[in-house]
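One chain, subunit A, links the two complexes that follow: it is found with subunit B in the first and with subunit C in the second.
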Partner chain A sequence: MSAKNLETKVSLQNLSKHYGTVAALQDFSLEMQTGEMVSLLGPSGCGKTTVLRILGGLDPHHDGQIFVDGENITGSTSDKRNMGMVFQAYSLFPNMTVIENVEYGLRVRKISPEIRRKKSMELLEMVHLSHRPDAYPNQLSGGQQQRVALARALAIAPKVLLLDEPLSALDAQVRVQIREEIRRIQLETETTTLFVTHDQEEAMSVSDRVGVMNAGQLEQIDSPSNLYNKPKSAFVASFVGVTNKISAQIEGSGRVKVFNQEIELSQNSASFGSGSAVIALVRPENIAIASDADPESKAGLIITKSFLGPMTKLGVDLGGENLVYVNLTSQEAKKIDVGSRIAVKITSEELMVANA
Partner chain B sequence: MKTRIFEATRYLILAAGLIFFVLPVASAIEFSLRGYGNKGHTMANYSWIFQQDDFFTNITTSLRLAAVAAVLTLLTVVPAVVFLHLEGQKFKRFFEFLAILPLVVPVVSLAIGAQKAMPLFVQNSEYELAFFYVVIAIPYTFQSLNVGLASIPLKTLVEASRSLGASFTRTVLSVIIPAIRGSINSALFLAITLSFGEFTLTSLLHWETFPVWITRVAQGNVLGSIALSMFSLIGAWTLLIVVQSAQNWKGIRLKRTAEEIELEEVAL
Partner chain C sequence: MTVMSTNRGTATRKGGGSSAIFKTLPLAPFSLVFIFFFCWPIFQIIKNSISDGKGHYNLGAYRLMFTKPYMHAFSVSLQLSFFSALSAGLIGAIIAFYVHKSSKSLQSGIAMLSGVLANSGGVPLAFMFIAAFGAQGGIVTILKKLGFDIYGHGFTLYSFSGLVLVYSFFQIPLMLLVFTPALAGMRNEWREANNSLGGSNLQFIRWVLIPVLFPAFLASTLLLFASAFSAFATARALTGGSVALVPLVIGSLIDGNVITDQANLGDALAVGMVVVSAIVMIFYGFSLRWARGR
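What follows is the complex of A and B.
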């Protein structure tokens, strides 16, 4: 995102919504800058789709306010919000051709046929479907349908583009291809975009910022790299990426003892009294092979070995409840077999801990 | 070997079905073409139909009432079922139950009871029949529309259209109705054919429409009555073909094979 765009486009202020006694959203606030792509990530039922639908005017909410370009749009209906939306389910109008679908929003806005045809063809060009303007939706693959849905949403030059898990119905290869296209087009058109997904890789790879939600609240919103490397809560640390959960003990003066090592506690960790039993959250890439002679190392038996292309994941039994996963380059892992013993050591300078 | 037996059985069943369907109709047509006193085959019975004084009056009455019933179905049942799918999911079971009631309520009760509920100016007009025809057709029209709406992602289509700036009315007219055009056509066809062929209720209420008239004039001419029945049957089929053609018009969609779709995905 370019620096020139650092002005607030969307401001969601203290949104709340509940179904009976169950809170779907609690005091949720979010600001999005012009041209920014923000993803909301979280487990099922965390409220991420609720946020998107409230912003799109598709669902009502109980408290809070919504501002777009400084204008309070809290009470306006979806047809007045000028927000393009791409849905999880295929949503192309089955009775219309590809071009008619793309033109629909422009026709509603009474744009002349020549202009809307020109603009629609440009957008179809952008999503690589200009060769099939007269096809009907059921003549297209899932990926092509979602491309058309994206072109249709962009045709109205939306104030905000809302993407509600648009890739979840597609197969893995097409998914990667389309998410990259979405990002390319989003950057090209500089459209402020809210992307809801439960796929971390998807969120991390295309977004300027990612918000992690849990139980109707925003746990942390940050750049993908900060979210991964500097999680602000145990939930974020364990939800984003793969995390080993290892039994540990607080040693006082902000340090935690894991295996035979004493490591600094992360500033974002909740505070625990000295001697408390906790769970240390350690990324697999923050564990390395060490020498047996190293007094801080811990030896264990290799139980599993998974080849992941450039990396290989080892599952090591270090005597705890769960296997501890270690990521090595596949080159390093070549010499190590299942059943052999290795010694490992944590390489992080600080650790996040959670309740045991 | 097994495949051959299976194939042969399929053709046998198909042939039996065709014979079961075609034979009575062909026999009736042949019978309707017979002349009185073994005079060979003739069109006399069919020309007799058109020579009857009330033929055109009654057939146009029935067609008019069927058309009104179709329009009423379009204006009442279609929006009601769309609304039920969009907003009234929790009442759906109840309405499904209500929709089959016309099948179990005796026509006499419907005729007498419901007629009293009509305003006087409707009671005094033959158009009251059109309202009853709509009710009688509801078990069928409701199901046809219900299935049609269940087969499309209605909520998503409505939300997509609304988010693109369309009003609810525009969404219904330009997205929902065209998307379930097949079901609507079927519902209209059912409403029209049921209206066109309805006898009991019309007769009970002392109105004369085409079926009531057929029953009356057929009493004096057996071969003519068969010709009339065939005429009605062919009329209904013609109607079916017209509705079907309208449904297929602009609706021809070529399905591509999975391989073709995959090849194109890869090419992109």
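What follows is the complex of A and C.
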């Protein structure tokens, strides 16, 4: 995101929504800057799609207010909000060709046929589909359909682009390709975008900021790297990326004892009394192979070995219920076989802990 | 190597062939029914329609079929089928639309009821309507007491408009049965995409809903047309032949009300009905393909 666009574009203030006694959203607030791409990530039913649909005016909410460009649009209907939306799949009008689909929003706005055709062709070029303007949706692949849906959403020059898991129905290779195209186009058009997904890699790779939601609340919103490296809650730490959960004990003065090591507690960890049994949350890359002779190391048995290309993931049984995963380069892992014993050690300087 | 490959290829083809025969074998009874109860009767009526019964063949019956009284019967049958199919199609489509939006339990209840009503017809249906809409029928009497004399306004159950009303009793449920699957294929995302692009509900109906549903509507209405065109017992029981419809004319010819030298006229009229039905079915097939292409 460029530095020139630091004014607030979207402000969601204290949104709440419930279905009967079940709260879908609780006091949810979010601010998005102009031209920013924000992703909402979270487990199924956490309320991320609800936020997007409320912002798009497709679902009502019970409390809270919505501002776009400083204007309160809380009471306005979806057709008055000027927000482009891309759905999971099957959203193209089947009776219209590709170009007619892209033109739809402009046709609604009574733009002259010449102008809307020119604008639509430009957008089709942007999504690399200018060679198929007369195809019908059922003649296109899933990826092509989603590109058309993106062009259609952008044709109206939306104030905010809403992407509701637009890649979830596509196969893995196409997903990566389309998500990169979405990001390229979003940066090119500087469109403020809210992207809802359950795929961490997708969210982390294309977004300026990622919000992690849990049970209708925003746990943390931050840059992808901060979210991964500096999680503010145990939920975020365990939800984002792979996290080892290791039995540990709180020592006095903000330290935690894991295996034979004493490590500083992360500032974001909840407070526990000295001697409390807790779970330490440790990233695989923060565990390294150590010498048996190291008094802080812990020996274990390798029970799994997964080749992941440049990296290899080892599953090490450390006894008790402690199964930890360690990431090694595939070169390092070459000499290590399943069934052999190794010693490991935690390398991070501070740890986050959760209730045991 | 080559020989072995060829042998293996042959074995595979043989296996595939016997598998194909095994797969199509269960269709054999249906094929027999189709041949003996569809193809054979059609062949017979075509043959009889050009035979004078004395071993000579001519087109006399067809020349007669194209004279005014019989063309009038075709005209009335086509008009009745058209108006009853169109009115039942429109009413049925609107009801189907609202049923589709209702609860699942109501939808299954309506589907079950429609299945029963769509197969109701004949003499019992005619008498039900006579009891309700006949000159002294219950509903007519109630309406008269309320100051609305429908018979005074020219309506009679034993007429063309009466038949349209009676046919709607089984055609509207039939429309519900055949049109509902098309509604189930409508995606909520289309309406939401329309709204987010700034479209009104009217624009959505005009530019998306109607064009998407039209092929299925047309196919369903053509099915109603075919159903009305071939209906016999209800019309016979209700009008006693006072409304000239092709099936009633054929019925009267079969009953023995045959003028000398016109024994094969009924067959010629039946062939005419087969041709009309075939044309309707061809359009029905095109409409279905159009609908499925969406």
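Convention: the second predicted complex is superposed on the first by the 355 of 356 C-alpha atoms of A that agree within 3 Å, B and C clash if a C-alpha of one lies under 4 Å from a C-alpha of the other, contacts with A are read in each partner's own complex, and residues count from 1 in each chain.
In this text, a contact is a pair of C-beta atoms (placed from the backbone, for glycine too) under 8 Å apart; a residue touches a chain by one contact, two chains touch by 3 or more.
Here the structure is a predicted model, which is why all the values come from computation and not from measurement.
Undergrad: After the subunit A overlay, clash or fit between subunit B and subunit C?
TA: clash
Undergrad: Which partner does A:174 contact after superposing on A: first (subunit B), second (subunit C), both, neither?
TA: Only subunit B is touched by A:174; subunit C is not.
Undergrad: First (subunit B), second (subunit C), both or neither: which does A:90 touch?
TA: So A:90 meets both subunit B and subunit C here.
Undergrad: What residues on subunit A does subunit C touch that subunit B touches too?
TA: Of subunit A, residues 56-58, 77-85, 87, 90-91, 93-96, 104-105, 108-109, 136, 138, 149, 152-153, 156, 162 contact subunit B in one complex and subunit C in the other.
Undergrad: Looking at the complex, which residues from subunit A come into contact with subunit B?
TA: 56-58, 77-85, 87, 89-91, 93-96, 104-105, 108-109, 128, 136, 138-141, 143-144, 149, 152-153, 156, 162, 174, 177
Undergrad: Where on subunit B does subunit A make contact in their complex?
TA: Subunit B residues touching subunit A: 152-153, 156-157, 159-167, 170, 175, 178-179, 181, 253-256, 261-262, 264-265, 268.
Undergrad: Help me check something: in the complex, which residues belonging to subunit A touch subunit C?
TA: Answer in residue numbers: 56-58, 77-85, 87-88, 90-96, 104-105, 107-109, 136, 138, 149, 152-153, 156, 162.
Undergrad: If you look only at subunit C, which of its residues touch subunit A in the complex?
TA: 187, 189-190, 192-200, 203, 207-208, 211-212, 293-294
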